[in-house]
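Below you will find the structure I want to go over with you.
Chains here go by letter, A, B, C and D, matching the order in which they are written, and residues are numbered from 1 within each.
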Amino acid sequence: MTLLDLANPTRFLSLTAKVLPWLAAATAILLAVGLYQSAMAPDDYQQGATVKIMFIHVPNAWLAMFVWGVMSLSALGTLVWRHPLADVSAKAAAPIGAAFTFLALVTGSLWGRPMWGTYWEWDARLTSVLILFLMYLGLMALWRAVEDPTRAARAAAVLTLVGAVNLPIIKFSVDWWNTLHQPASVMRMGGSTLDKAFLIPLLTMAVAFSLLFVTLHMAAMRNEILRRRVRSLQMMQAGQQAA
Amino acid sequence: MTALAALIRRDLRVALRVGGGALIGVLFFLTVVVLMPFALGPDLALLKRLGPAILWLGALLASLLTLDRLFTADHDDGSLDLIVMSRAPLELACAAKAVAHWLAAGVPLIVATPVLGLLLNLDGQATLAVALTLLAGTPALTFTGMIGAALAVTLHRGGLLLAVLVLPLSIPVLIFGVAASNAAIAGPDGFGAPFSILCALSLAGLVIGPVAAAASLRHGLD
Amino acid sequence: MTLATMLGPYASFIVASYAIVGAIVVALIAWIALDYRTQKARLRELEAGGARRRSGRGVTDIA
Amino acid sequence: MQPAAITESRNVMESAAFRLVGRALTCIRGGREIFADLGFSLSAGEALAVTGRNGAGKTSLLRLIGGLLKPAAGTIVLEGSPDESPPAEQAHYLGHRDALKPALSVAENLRFWHAFLGGERDSPPAALAAVGLDHIAHLPAGYLSAGQKRRLSMARLVAVRRPLWLLDEPTSALDTAGQALFATLMTDHLAKGGLIVAATHAPLGIATRELRIGGAA
């Protein structure tokens, strides 16, 4: 790693040191407000209190897709501009995205349980999220399989972009497969039909979770930069002959 | 004994470190099981009926595919020569490697079974039954698979050839594994007999697998 | 008013969802914080090791 | 128990009766006769340099002695050995490949072979210091250069004591300092009454007898 390559990550590190505390504080405040609003929200006339699960399910589901978008942008950065921070951003985002996707699945299944009578129904929406989850796990496995981070970054970038192109196709296929077998999904999450009483807590929570992602992502990127420094220092140490 | 413990510890460490593929087997298992409903349709009653069979097929393929590198990795870096030359009997060294592989790749499959059971609409008791049969049966899969893995070293190729060689050998395990799971789900009768045969298969594999693998390695090295 | 009466018949599902989200988010934060500490410690150790080697060489030079 | 066993084996190693003898060896690989009717004898404290052109069967001879190949004809015995175990179990084999796992640290790699090979042993840290790798013991073996990997393999020979060393092109990846270090290790080993059989093109830096196979190079 040359000094020039280190320049950008170094500036990034000093930036995170300044920004992270503020971001964390903003996230905490917004989360608290969001939680309060969702606690105060009235029951839905159809779903009763279970509508409260929506306030955490929808932000997680939205982040599950958003994080893949962030990774796709980073993948472009890796492949087109070969920016060292892009690799770091893509790698740091993957486990966080996988966690949000997992939460979207779990909360979706808990939300569906009262309606379906089972924890899992091969509902079009949830099934798509499940496939997204599998793709996240595959991507993380790819990152783990290759020790050299720059080589892993190229491979992961290609896979991320292929995934981004494929996700709409998968979504469409799953929807088609699902309607073939059963009537439309029980869950309703149409934004426009949503009452204002639900919309405000939902939006607050969505912004709060997005901020949470930005905070976590920044912190994880910082860790990854440090990890790479440790690695290159260790390589340098290995190169030195014993005295 | 310390030699074998050291071998098990090393293989576990390598499997769990970066570059090791212990958890990829679970991911493969998950993916195979998730694929099934897309072929069969999302009919929960059907999935519930086929659940044990799907889980067993997934576990069979997952444990087989992860076995591919059991000996070839050691052969490629030269470790296998030293293992063959060592004072520890090669049969026991093979058994130790199989145990390490089962711990790193087989046990995670069993742990993942409840989650997959949920996706296939299996109830708690059925999931428990499948997990129990997998616990009793996956060692047999590892021990028969290791014969193929040893042959892969001899033949300088693995992958599909390994699968073709080993899959027929694992048919008995599949039969009694699925039979025991279905017996536990459908009724109280008949779980004991297939389950004990499954255990017997694992015990027989424990004896036959290492001996056959060691014989294959001894004669196949060059 | 207890939680159960407030949240209706499916209180356990609602509480469970919030609890799981909380647990995973806390686990993520803990993992990232711990990772930061380990990397920082390793970096410090490596830098200290390099410094020690240099000073060690100095000592032998004097001797 | 342990110290008694050590002194006993040392005495045997030092006695002149301890010899590695190969008689009328024929090696056939892949239907091709590599060499035939090959004989050699090596006493304690001696090194044998096996030379010959590429494909003459230098590596095959080492693998025959190590029991990794079966001779088509002939025998290999360690005469005057303290136990009845075959030469393979009293030998170290240092092949082309270093038998290291890149994911494990330098110390973990050595500790594994130390525990796995067993028998009479020195401590792994001392062996690492002997080959000059103690300052990077905690690093993954994957970070090492080819020469450093070779040194780590050499540490195995030091950490676990075996009377017979089978070395296949041992100095190929080593720099001058590494070759000098290895020469010292081999001299020590011979002085303790050990035996060395090395397949090599380059001089090893120690006094050796030569076994040329397959005619002129």
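Quick note on the criterion: contacts are C-beta pairs under 8 Å (C-beta built on N, C-alpha and C of every residue); 3 or more make two chains touch, one makes a residue touch a chain.
Computed from a prediction, not measured in an experiment: that's the story for all the values here.
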Problem set entry | Centre-most chain [mean C-alpha coordinates] | B
Exercise. Does B-D or A-B have more contacting C-beta pairs?
Worked result: B-D
Exercise. Between subunit B and subunit C, what is the separation of their C-alpha centroids in Å?
Worked result: 34
Seminar exercise, completed: Per the C-alpha means, the centres of subunit C and subunit D lie apart by a whole-Å value of 47
Exercise. Rounded to the nearest whole Å, what is the centre-to-centre distance of subunit A and subunit B, using the mean of the C-alpha atoms as each centre?
Worked result: 33
For this session: For subunit B, write out the residues touching at least two other chains, lowest number first.
Result: 18-19
Seminar exercise, completed: Flagged in subunit A as touching 2+ other chains are 147, 234, 237, 240, 243
Seminar exercise, completed: Note: subunit C residues in touch with at least two other chains are 53
Exercise. Which of the chains are touching one another, listed as pairs?
Worked result: A-B, A-C, A-D, B-D
Seminar exercise, completed: Within the complex, subunit B is touched by subunit A residues 109, 118-122, 127, 130-131, 134, 137-138, 141, 144-147, 174, 177-178, 180-182
Problem set entry | Residue numbers on subunit D that touch subunit A, as the complex places them | 102-103, 132-136, 139-140, 142-145, 148, 177
Seminar exercise, completed: Note: in the complex, subunit A contacts subunit D through residues 147, 234-235, 237-243
Seminar exercise, completed: Given the complex, residues on subunit B that touch subunit D span 2-3, 5-7, 9-10, 13-14, 17-20, 76-79, 81-88, 221-222
For this session: Would you mind writing out the residues of subunit C in touch with subunit A in their complex?
Result: 6-11, 13-14, 16-18, 20-21, 24-25, 28-29, 32-33, 35-36, 39-40, 42-43, 46-47, 49-50, 53, 56-57, 60
